[in-house]
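See the structures that follow.
You will see two complexes here that share chain A, one where it goes with chain B and one where it goes with chain C.
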Partner chain A sequence: MLRVFYLSLFDYDLTSPPKYVGLANFKFLLHDDRFHQSFGASIFFLLAAYVPAVLLALLIALGLNTRMRGSGLVRLLYFAPVATSWVAVSVIWRLVLHPNGALNESLGLHVNWLTSTSSAKWGVALTAIWKEVGFFVIIFLAGLQNVPRELYEAASLDGAGAFSRFRYITLPLIKPISAVVAVMAVIRGFQAFSAQVVLTDGSFNTEVVNLFIYKTAFASARMGRASAVAVLMFLLLAVVSLAQLRVLRRSDR
Partner chain B sequence: MNRALRIMLAAITAVLVLAALAACGSSDSKDKGDAGGKHVTVTLWTHTHPPMIKLYKELIKEYEAKNPNVTIKYEQIPNTEFGTKMLTALSNRSGPDIINMDDSALRGEYIPKNLVAPIDPVAFGKGSADEIAAGYVPGTLDGAKGKDGKLYGVPSEFNATAFAINKAHFADAGLDPSNPPKTWDEVAADGKKLVAKGHEGFNFVYLHSGWYTQELQTLLNETGGSILTPDGTKSALDQPNSVAALNIWNDLIRKDKVGNANTASKDATVPFDDFASGRRSMTMIYPWAVAQLKIDNPKLFKDIEVTPLPQVDTAKPSGRWYAYYLAVNKASQQQREAWKFIRYVVSQNQRWLSDVNFIQPVVGWEKSAAAKKYVPFLDVWAQAYSQGKFDEVAPHWSEVQDQVKDAVQRSIFDGEAPQKSLQQASQEINGILGS
Partner chain C sequence: MSARQRTFARFLVLLAGGLIFASVFAYAVLSAVKPPDEILGTKLWPSEWRWSNFTLPFKTAPFARYYLNSVVVGVSVTLLNVITCTLAGYSFAKFDYRGRNVLFFLVLATLMIPLEVIYVPLYALVFKLGWVNSFAGLIIPSGTSAFGIFLMRQSMESVPDELIDAARIDGAGELRILRSVVAPMMVSPMAALALFIFMANWDSHLWPLLVASDDAHRTLPVGLAAMQANNLGSSGIPTMMAAAILALLPTLVLFLVLQRKFVEGVTMTAGIK
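After this line comes the complex of A and B, so read on.
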């Protein structure tokens, strides 16, 4: 990691000796449309994939947080996509999202999910939601199982409905786990790479920051500039993660 | 000076002289990389193409039998990873001795960055690079020449562009298979009739940015347009002749609707899958793809006719060349041995024709027995090889290719006017060239 910080101050094409350029790589990024576009694509992917995935995961976890026959198998099914590699999932979803694929055919749609600027980013987000929901379900389930059942029973006796029990018991008590989920969602969102490579190769405004870094470093051989992006993303993620933890901790008091 | 001291001085002098001689000898050997009978291992990296890999393995076996002191370590790298893996390997000096690289990368990156060694005529048994060049069709080695005029490789595979039609589809649509389209207007007209019969009339191949660029370059060569200005410092994509090239593409797909870009195969491992599977009726094609088609789908192959590439102006036919060259890593410690193996590989050009359908453009290749026997549609290819030119290249070419891809996609998939799309690409490319 220190090497990346170091290289961000150099012009380095992998095959010639690095040339010191100071902050020139960072200055370039300030005005580089492609970097701005990739940053926007990462933010969009984070919001469009991980906000629904986390909310859906919470709903599913609430549903699964009961003692019923076969719940273990159901949990396993939700977790299966998590255990599958991003590449395998993306290859499957490339078929699902094909114009003549399962999604369009089953819903009677005519959407070019992976070949238009207006819809490709949603196609990639859908894939990520399917892949990632199970991961957050498991974390939420762990949090929910730590909520004492007596609290629900007491609230029910006091006449609290399902929503009130969720609002005043569940939500406050799973806030610590929610903080973990929020931080992990942001980190995983910004880690996006494989789905974009397999589904669109970054076309149609789906080139997220990591893909931009990869192409800049290894296809364009601009290692210094790629390192500068990596440094910026590291700092951004550190600040956002700390801010998330601080906000959620404060409201927990 | 006593006797012991004299003996000691003589001994020291003798050791120094011997060391100097040994150093001279090893320096010479190291510079030229001649094994001098010692055992050496020469590494070779190529991209993937099953018939090619099979022949390389046979040639390696034969070469090692004839040269017991040489071991050839052969690795194949998937096409999509080839450039990245090669570049990173060269950066940490773990790259191969022999590099099998396409002409764009060679001229755009490897030669300007001094990563490959000039050809070694001695290893070829020749007195100069010009003597080697005299054995090839004029112009076909330009893809491996630097701005210094030096030659850095010899072709393992040389490709021109032609056109292929499915004769059964033509008959089905009431078209005469013996009268294939000669212009892009005729492709549009025939394509509509083929679509009406339930076939995909014609389409381009939509894979990575390299494919987008090479297909647009083919059209640019015909319209007189170009990606860059002649001095290579600015984009020329917004010029009328360049816009005309994307207009051809745009009209065929969006106006005449002879193909559907959204449903086209995007699998880079089988670039001509739509044509090879019998879904598409017409395609641009390269010699290796015809050979692959013959292997993969012999039944369909009987219905295939390879014809000259449709033209904008049939009076001024144009085409596109691209080639893979065998070059030697500048950092290799056994350059001469590497060139000697390359010499053996290219000396088997008749087997490259018969076994792989790879055309190595040695003088008179088209008159050889192997060409006549094993290269289907030889007349078409011979014509295509006489009217092509290599692609443009510039520093940071992959970034330029990405902009070309984005421009084509904006136009073909999103419906943006070609002129507007290429103007945006031009601005971006000017930024890349200036950074």
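After this line comes the complex of A and C, so read on.
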């Protein structure tokens, strides 16, 4: 871990000894368009994939959080994508998103999901939503189990409707779990790699930061510069996590 | 609408949504067995079921090799993790020594750091050790996990000290105590850990891509991605669908059989419970 900070100050290509360059790597990144674009691509992916995934997961979890016959089976349908690997899923979604694939044909669309700058990022986001919803459903369900059922019954007796029950009972009680979900979503969003590699190989504005690091470090053998990106990434994630936890804790009081 | 009808309506909506989710799997299987000219377009049902398409990945690429590599690496990494995390967890939970809390804090701190941040220097280290394109490079760096150590420590706190002291008085060595007294009580967390690690490893793509780029060491995710890059045309679709389905089958089956443990594992990553 400390070594990554150390390496970020060097020009290093594995074979020759590292050469000290000070902050040059960081300065280069500051002005590198490709790095800026990859950063933008990561932020876009995070928002376009994880915001809908988390909201959808919350809805599904609220729906599943009752005892009904067959709900175990329904859960399975949502959880199954979580138990699959990103690369295999992305291979399948290449076909789903094919111009004559399942998505376009079933909805009567004519979108070039993976081969145009305007829609490729949405195609990747759709894949990620499908893959990740179940993960957050599991976590929300675990959080909802801590909400005592009697509270709802008491509120119903007092004449509270479904919405106000959600607003005044569920929402405050799932706040801690929402903080955890938010942090996990940010981290998972920035870890994105496989879907982008398989679906577009980073073309059409889908080269996320991780793919940028990979290409910088291993295709162009610039370990020092890649380390500098990793350092920035780490600082960003640490700040985001802390800030999120802080905000949620404050509104808790 | 009565409350009962409302519950039923909600059930139907959730079921429909779930079926849409699962339809992607069905679509993949149908596409894998269709004749090539029926895959794209509106024809959902194959005119002819070509189950033999599932042999295509083995004929056109070293798919069996990738598969075997994934199994070998997955099982080794899982076993190593269960052993190292149990040992470390036992030490952190049941022994008092100088620096224990500092050490444990360091372990927890690494929990926060995603692999992506450290893999450049990690690769440089593995490169120096000559482990590039070797199973050692694939397995050893993943041999333990902060999450696993944390989980095993938390679980072992519940083992009563009296039980361990009694075994010590009876003259049992520490490893013997761990094996015969503590481990049998830890079967459940160990199983959850094993399942979690195996699944994570099966999905692992970035690290194997760095350290194992030759065919002899490629794991499934790396191999599959390479096959995809070679099969971009529509004639390669049956091969790729068959390969993807075969690749996701083991973890999907594990999930179906061990649902509860799986949910437990995911929940633990969120630190609830």
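Here is the rule we go by: the second predicted complex is superposed on the first by the 253 of 253 C-alpha atoms of A that agree within 3 Å, B and C clash if a C-alpha of one lies under 4 Å from a C-alpha of the other, contacts with A are read in each partner's own complex, and residues count from 1 in each chain.
Here, a residue touches a chain if its C-beta (ideal position, glycine included) is under 8 Å from a C-beta of that chain, and two chains touch if they have at least 3 such contacts.
Source: prediction; values computed, not measured.
Asks: Will chain C clash with chain B on chain A after the two structures are superposed, or do they fit?
Replies: clash
Asks: Could you tell me if A:218 is touching chain B, chain C, both of them or neither one (first, second, both, neither)?
Replies: After superposing on A, A:218 lies in contact with both chain B and chain C.
Asks: After superposition on the shared chain, which partner residues are touched by A:116: those of chain B (first), chain C (second), both, or neither?
Replies: first
Asks: Classify the contacts of A:88 with the two partner chains as first (chain B alone), second (chain C alone), both, or neither.
Replies: Once the two structures are laid over each other on A, A:88 reaches chain C alone.
Asks: Who contacts more of chain A, chain B or chain C?
Replies: C
Asks: One more residue to check, A:63. First (chain B), second (chain C), both or neither?
Replies: second
Asks: Should A:98 be classified as contacting the first partner (chain B), the second (chain C), both, or neither?
Replies: both
Asks: If I apply the document's touch criterion, which positions on chain A are contacted by chain B in one structure and by chain C in the other?
Replies: 14, 94, 98, 100, 201, 218
Asks: Which chain B residues qualify as touching chain A in the complex?
Replies: Going by the criterion above, the answer is residues 83-84, 87-88, 90-91, 109, 113, 115, 208, 260-263, 266, 396, 398-399, 402, 405-406, 409-410, 413-414, 428, 431, 435.
Asks: Note which residues of chain A are touching chain C in the complex, please.
Replies: 1, 3-4, 6-7, 12, 14, 60, 63-64, 66, 68, 70-71, 74, 76-89, 91-96, 98, 100-102, 105, 130, 133-135, 138-139, 142-143, 177, 180-181, 184, 187, 190-191, 193-194, 197-198, 201, 210, 213-214, 217-218, 223, 226-227, 230-231, 233-234, 237-238, 241
Asks: Which bits of chain C are touching chain A when the two form their complex?
Replies: 7, 10-11, 13-15, 17-19, 21-25, 27-28, 31, 39-42, 110, 112-114, 116-121, 123-124, 127, 199, 202-203, 205-206, 209-210, 220-221, 224-225, 228-229, 234, 237, 240-241, 243-245, 247-248, 251-252, 254-256, 259, 262-263, 266-267, 269-273
Asks: In their shared complex, at which residues does chain A touch chain B?
Replies: Checking each residue of chain A against chain B gives 13-16, 28, 33-34, 94, 98-100, 112, 114-118, 201, 203-204, 215, 218-222.
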